[in-house]
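Some structures are shown below for you to check.
Paired with chain B in one complex and with chain C in the other, chain A is shared by the two complexes that follow.
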Partner chain A sequence: MWKWKRKGKQKSSKQQPSNQQSTKQSDTIPKFIQVMSNSEDFVTYTLSGRTKCTISYIKTMCDSKILNRSVLTTLNDNHLHTLHDMQEKIPVEDIQITKDLDVIKEKVMVGYIMLQVRDAKEEVLLIPAVSLEAREVSVPEVEFSVVGPKEAFVETLNTNINLIRKRLPLPQLNIKEMNIGKVTKTRVAIVYIDGIANQDNVDTVTQRLEDIEIDQVTDSSFITQVIADNSNSPFPQLLDTERPDRVTSNLIEGKVAILVDGSPHALTCPTTVVEFFGASDDYFLPWHLATAFRLIRLFAVIFSVLSTPLYVAVLTYHHEMIPAELMATIVSSRSDIPFPPILEVIVLELTIELLREAGARLPTKIGQTIGIVGGIVIGTAAVDAGLTSNVLLIIVALSALASFTTPVYQIGNTIRLIRFPFIIGAQLWGLIGISMCMVFYIGHLIKLQSIGRPFFEPLYPLRLKDLKDSFIRLPFNKQTERPVLMRTGDPQRMNSSRVNAKRDIDE
Partner chain B sequence: MNKINNSQGLQIPEKYLVTPAYVFFLVNSMQVGVGILGFEKYLVEKAGFDAWVSILIAGGILHVVLWMIYRLLQKGGGDIVHIHKLVFGKYIGGFLSLLFCAYFTLLAFTVLITFIEVIKVWVFPGLQSWIFGFVLLLLVYYLVSGGFRVITGVCLISVLIGLPILLLKFFPVQAGHTMTIYPVLSHDITEILSASKQSVLSFLGLEFLLIYYPFIKNPKKSKKWAHFAVFYTTMIYLISLLVTFVYYSEEQLKQVVWGTISAWKIVEFPFIERFEFVGIAMWLYVVLPNICLGLWGATRIPKRVFNIKQKYLVIIFCIGFYIPLGFIEGRPVIDAINTFSGQAGFYIILYIPVLLALKIISDKVRKRHEK
Partner chain C sequence: MRNKCLFIFMISLVLLSGCMPNQSVEEVAIIQIAGYDLGEDERIRGTVSIPQYGKSEDKASATELYLTVDADSVKDVEKEIKKQSSSPISTGKLAVSLYSREMAEKGLSSIIDVLSRDPRLSRNMYLAVVEGEAGELIKSGYTQEETTSKNVQGLIETNNHHNFPTSSLHDFLYAYYGQGMNPFLPLLKKQETFVELSGIAFFKKGKMVSMIPDSKVFTFKMLKENFSAGMQDLPFREGSIMMDNIGSQVNYKMKGTMDNPSFEINISIKAEVNEMLGLDVTPNPQLANEMEKAFVDYFKKEANELIKMFKEKEIDPLGLGSFAKTRRRDFDLTKWEEHYPELDIDVKVDMEITEYGIFS
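This part shows the complex of A and B:
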């Protein structure tokens, strides 16, 4: 899949475009300053107090507190002649002296202060004074849970890594960083626990990330789409989550996480289709309750996808299947409807999709109004006007409701979409058409892979051990091993004999 | 095993292999096909209500055949193409392998047209087989192009989905009379044996082991799974047969073409009646592995013999399946094709002991020469 990309790209060519630009425009520091001076927020001036030097920085990227309190005061209070003196005196961490123009440019662009003295024109001093505007860590909104931790990722990579690290105080927690995106040069981090995560998985992810050719990475979903095994599939092949606790437990299972600067979502892989239907709530509840809720969710998803196609199939071709008493109800509700079932269903499904799109794009307060207007007013009016039947309205509303039970937003979108082929199949060949669609999707899921691991996993390849935490969730003492899917180097989660040690009565 | 595979250029990369337990699903799903929907009539015509004994005999015979197949494969290493080459040489061996290819093609095609016939008879009398066949073959192509692992997955799903359908047998039993089975063994041995031959035909599907054997990881361990599968299939057929015996009278059963589907008609739930529609729709899952594995096996043989890319062969075979679809119509034609492929399968099963014997003889001769 990546062959054509690799072919067109020699090792050096990655750097070429920026190098060419640099040779043309600014291959020396003065030229760089000159190019930068075109922007109003770039400031450069010469200090003529006790210390004589030139300070340059981008006003909008620098923290003025560091500049005023630490840098300028030190420079004005002391006689400092060389860059090394300054490096020692200025009370800021990680100050560096460099000649490398690429480093200088990169650092100044993210908010470092550049100091030059007259004696050493080539060398500069770089003082980190990056000011980061960041959102506070807040409550997860997409994957809300009633019990359990209420922290969600934010848009800064450092904060996100901090959220993970404080849950996993392990020296083995490895973080590899790279910059992706020709223009945006976004920081992307691969997080995994060394010794638990399979090295092949880590290598696959690293290699795929390194091979990415893209100009911008504004969100983690760009990464999902680009490194997916099959980018034409409607199913997301990396799980994205905004919950640090979920990422942590995935890391402990042996998965690899990808964090992108500027995105409040982490991606974990390899993943399976079943995992998209598990919520973090499932682990905060007793196992039987969690199992029941998972099964309800699974049923909801099946219902959401199949209910309207079944309505079309049965009412168009197989009326005989409905018992006489039930038929009376359906006939009386449909008697005034001028449309065939397929048209009725498509119109109503599209209406629901419309409401959903509108609701998602509008501010929360107006969104609620739209929901009420759409759901109640239009629905009732459509039934009164004889455009749709009551029964179908109930089915469509229920299936829309059911599709919201998916804990991961991305798979919810998939479920919204995949019902339409089923509806078409139902219109063509009734139940057999639905079956054919189903076979197609099952075949597709069997074919799919998530970074080279089977996506349909506990079902095919059938691994009974992994079924313990899929459609059902067994208690923790039954899950003493990590999932087989991860091929982890250390499959034992805990000592199972100690976990399951039996005590006698009164001991 | 691996060493032998190496020497014959038959080593399949590990990521395409399946674990031994999947042989259960592969064998079982291939054995249970469209045949089970209407096999009762043919047995009852031969041996009346003693046909259940025939099923048991046929099951026993199949265990022996299976043992022979494993013997053959373990001795020869690799697949049928390789064994043919060893025993008969390049040209005759290649020709015999192509006969197998023709047989697999015929089997897949029979299943395809019989399923379309079932749909025409039971669900859509006016079905346009041109369009339906086209979509179905597209689906088959999509699955087969995924390779053996995907086909194995479809087999697994088909067996899992087939399970709940079996439970539906409960309804006819409720409505039936167990006394109709008695008296036991009122037919003579020749009648029972001829019914056994008839039932061997519905058990066909084992032979595919001859071609997918190299795809099994630790093939020796798969032996028990294959035997389990044959046993399970025998039980499914036996139960189906007994249930229809309980439900129909002997004379009526001779008139019923699709005994199992007719028995589905009485299944009733508060929200659903006439279960045969659901049953036939679900049967697609049972039928598809047959077509897919048949097509895969049929295209794999020419690939092995002539070294042609299987991709193109699958497309060519799909087109080959598609063209006659519109012309084949009516019960008599389809019945004839079914009988013919059944006969072919019977000879294939007869051929396996012969091949095993030849293989043993040729091995001995070779050893003597080496000395």
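This part shows the complex of A and C:
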């Protein structure tokens, strides 16, 4: 018995040498070339024109324009014998000469052209000819807004940094880069404004990124999950956004941004739970309207999480809470249903989740059809068939709708899921069960941290100053200080007396 | 190990939630109105009405099922009803509880005790005394559209905003347990095709000791609380006038020591006169003054009569004792009760008729 278990244990106890892969590889340039030659797209040949040298590069990674127009023409037109001559003559920026095999490997793999001359076997010339196949900067699709900038990040790190830099022409805008992922060696950039961002935050982020032990980083969400303070939490502890304007304003607040090559999302931290309910739209509207919409969004979230659990609790245990006017409606719509409220709710919630999953997987055009067909047809059919009541259908549909109001997609997923414990709690102990779940979640949120800073911040610990831009958004002239959460080195955004000064023409 | 425990806990939580016995709202008999009469041999006859909601198509018309049982106590009534009902009983939505006059006169203390203990019962529910049989009133089924409970509840609620003083279980219990005050309940009467509020029943402890007809209810409410609704008619000269209250304020003032207290009740009313029946005069300020005077005299007389009655019966529905207790630190309940029948209470009414409608 339990053989499968013991076997697993034995296997895991065998320690594999961790750097097996790297030792096996070539440790001299000829061997490296030999290993690379196994791939069809690796090209190496010797020029026999005026300049004699060996050119090696990966065809699929190199920009042939640079190779043909700048490198080959120069080499054929001139007599160049040393690498230094070539470095001077070839009209390409940032050409380097190196002996370091690790650098050579790394550079060649990303699309540098390697030049060797017979005299200097050890040294090689590396010409950057990286060809970047990149998507055009397009309109944000996840965080769409009607007003405001319509740029979104793309999968290229350089473009993304460009999008940020052009909004922040500051010498203090620091960008630290590192490669993460044993296999993928993905470029990850830490972006912050020196002097505004707290050095502790920058150090924490840097240290956590450096310590990551992972083989691949396909997307920024890998980073979120790995460096999160509590990886088991359903709440995302880094805010991911595809809007450069949002990243920029976060940087100005003193946050640290993480950009990952190959991912159209930037991560910003430290973040708080209320930030997930703020849209960038909020800053483009007058403050009272923005405040009202934020409160509506907050209500929508609470409604989305609690409406079906309350339905279960009230219909199962607390009949006296049903208003007398609603009694007839609820009872008569429930009277045909063979299931108890809990089953009815689970059936309908699962249907909605199915629709969502199907909608997310299907191509856009079919997805819309599925949404309509699912919503209307399945809903009415379920009511007609006596599987669910009318009242519940409305509640579930509304709560599904409400969960889409969150501006950040990640927290929307969280909200989708966390209502299920509430439903079970409601079935077990009624309102007490709901309260217990609530206490559990709030306790969890209070304990949660984002890069060592409290995640539940303006509420716990209570920092009244930060409430100015949380559930409500006060006008810009009231927000002259950066959030306390960031512990920024320069807490003053602007001079408050000058902000509020009246500037009349007569004066 | 910890994770394993947590996992087992979570799994059992999910799976065992199915084993929890519970009743969904459509499976229970929700009692919304209950009535108690005196039965034979010192027993209580309880009548309840259980609304029967139709299937989804015809939700508008609600029929009612009436159950009547004889039992020894209030809780026994519930037990006996359970024997007759096909579905479990839920008392949480009880909106009105009725008692027959004989029962009220015999004493409601034991019932009140049950009501005040039961946490399921709403403190907003209404209690009322019925002239005649409470069971009969419940069973009459006045309209097709409404259940009796909704009808009676609406009746009391609406009138609480008008001539009748606010009375709910909470108010009743407050006055019942409070020192220096006595509770009162609305009095219901079954007519041929409808139910009407016929007055107010006054209690001393749990026993009904006195009542006033609905013509005097306005005066009582005026003495008891501030309000801004209600109507009162008054014979004036050869006809009668109807006063529409738009704001009445009452103020108690205590003078003297605990050994020799005296009270001053100041009432100021703002009112409109909208109807003048049998009077063939154009309204004018002089006439208004005259009316004001007539009303002041009328209210003073009525108020004094009421207070005299309270003193005779040794009841204090106005809560003067409770008021005294908040004003004098040497308040002594026994002493107060001794003094109460000879208490000097001076009622001052200030009336202002602000308008008398459009006339040409």
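Here is the rule we use: the second predicted complex is superposed on the first by the 476 of 507 C-alpha atoms of A that agree within 3 Å, B and C clash if a C-alpha of one lies under 4 Å from a C-alpha of the other, contacts with A are read in each partner's own complex, and residues count from 1 in each chain.
Just so we're on the same page, a residue touches a chain if its C-beta (ideal position, glycine included) is under 8 Å from a C-beta of that chain, and two chains touch if they have at least 3 such contacts.
Here the structure is a predicted model, which is why all the values come from computation and not from measurement.
K.L.:
What does the overlay on chain A give for chain B and chain C, a clash or a fit?
P.N.:
Chain B/chain C on chain A - steric clash.
K.L.:
In the overlaid three-chain picture, which partner chain does A:461 touch, first (chain B) or second (chain C), both, or neither?
P.N.:
first
K.L.:
Counting only touches as set out at the top, which of chain B and chain C does A:49 meet: first, second, both, neither?
P.N.:
neither
K.L.:
According to the stated criteria, A:435 is in contact with first (chain B), second (chain C), both, or neither; which is it?
P.N.:
In the superposition, A:435 touches chain B alone.
K.L.:
Between chain B and chain C, whom does A:446 touch in the aligned arrangement: first, second, both, or neither?
P.N.:
Touch status of A:446: first partner only.
K.L.:
Just checking: does A:329 make contact with chain B only, chain C only, both, or neither of them? Give me first, second, both or neither.
P.N.:
A:329 contacts chain C only, not chain B.
K.L.:
After lining up the shared chain so the two structures overlap, which partner does A:342 touch, if you call chain B first and chain C second: first, second, both or neither?
P.N.:
second
K.L.:
For A:30, select first, second, both or neither according to whether it touches chain B, chain C, the two together, or no partner.
P.N.:
In the superposition, A:30 contacts neither chain B nor chain C.
K.L.:
Which partner does A:317 reach: the first (chain B), the second (chain C), both, or neither?
P.N.:
both
K.L.:
By the touch definition above, which chain A residues appear in both interfaces, chain B in one complex and chain C in the other?
P.N.:
317-318, 320, 322, 428.
K.L.:
List the residues on chain B that touch chain A in their complex, please.
P.N.:
18-19, 21, 119, 123-124, 127, 132, 135-136, 139, 142-143, 146, 149-150, 152-154, 156-157, 268, 270-275, 277-278, 280-282, 284-285, 288
K.L.:
Within their complex, state which residues of chain A touch chain B.
P.N.:
Checking each residue of chain A against chain B gives 317-318, 320-323, 326, 428-432, 434-436, 439-440, 442-443, 446-447, 456, 459-462.
K.L.:
What part of chain C is in contact with chain A in the complex they form?
P.N.:
13-14, 16-17, 20, 22-26, 28, 30, 32, 51, 53-56, 59-60, 62, 90, 92-93, 95, 120, 122, 150, 153
K.L.:
Please name which positions on chain A make contact with chain C in the complex.
P.N.:
314-320, 322, 324, 327-337, 340-342, 390, 424, 427-428
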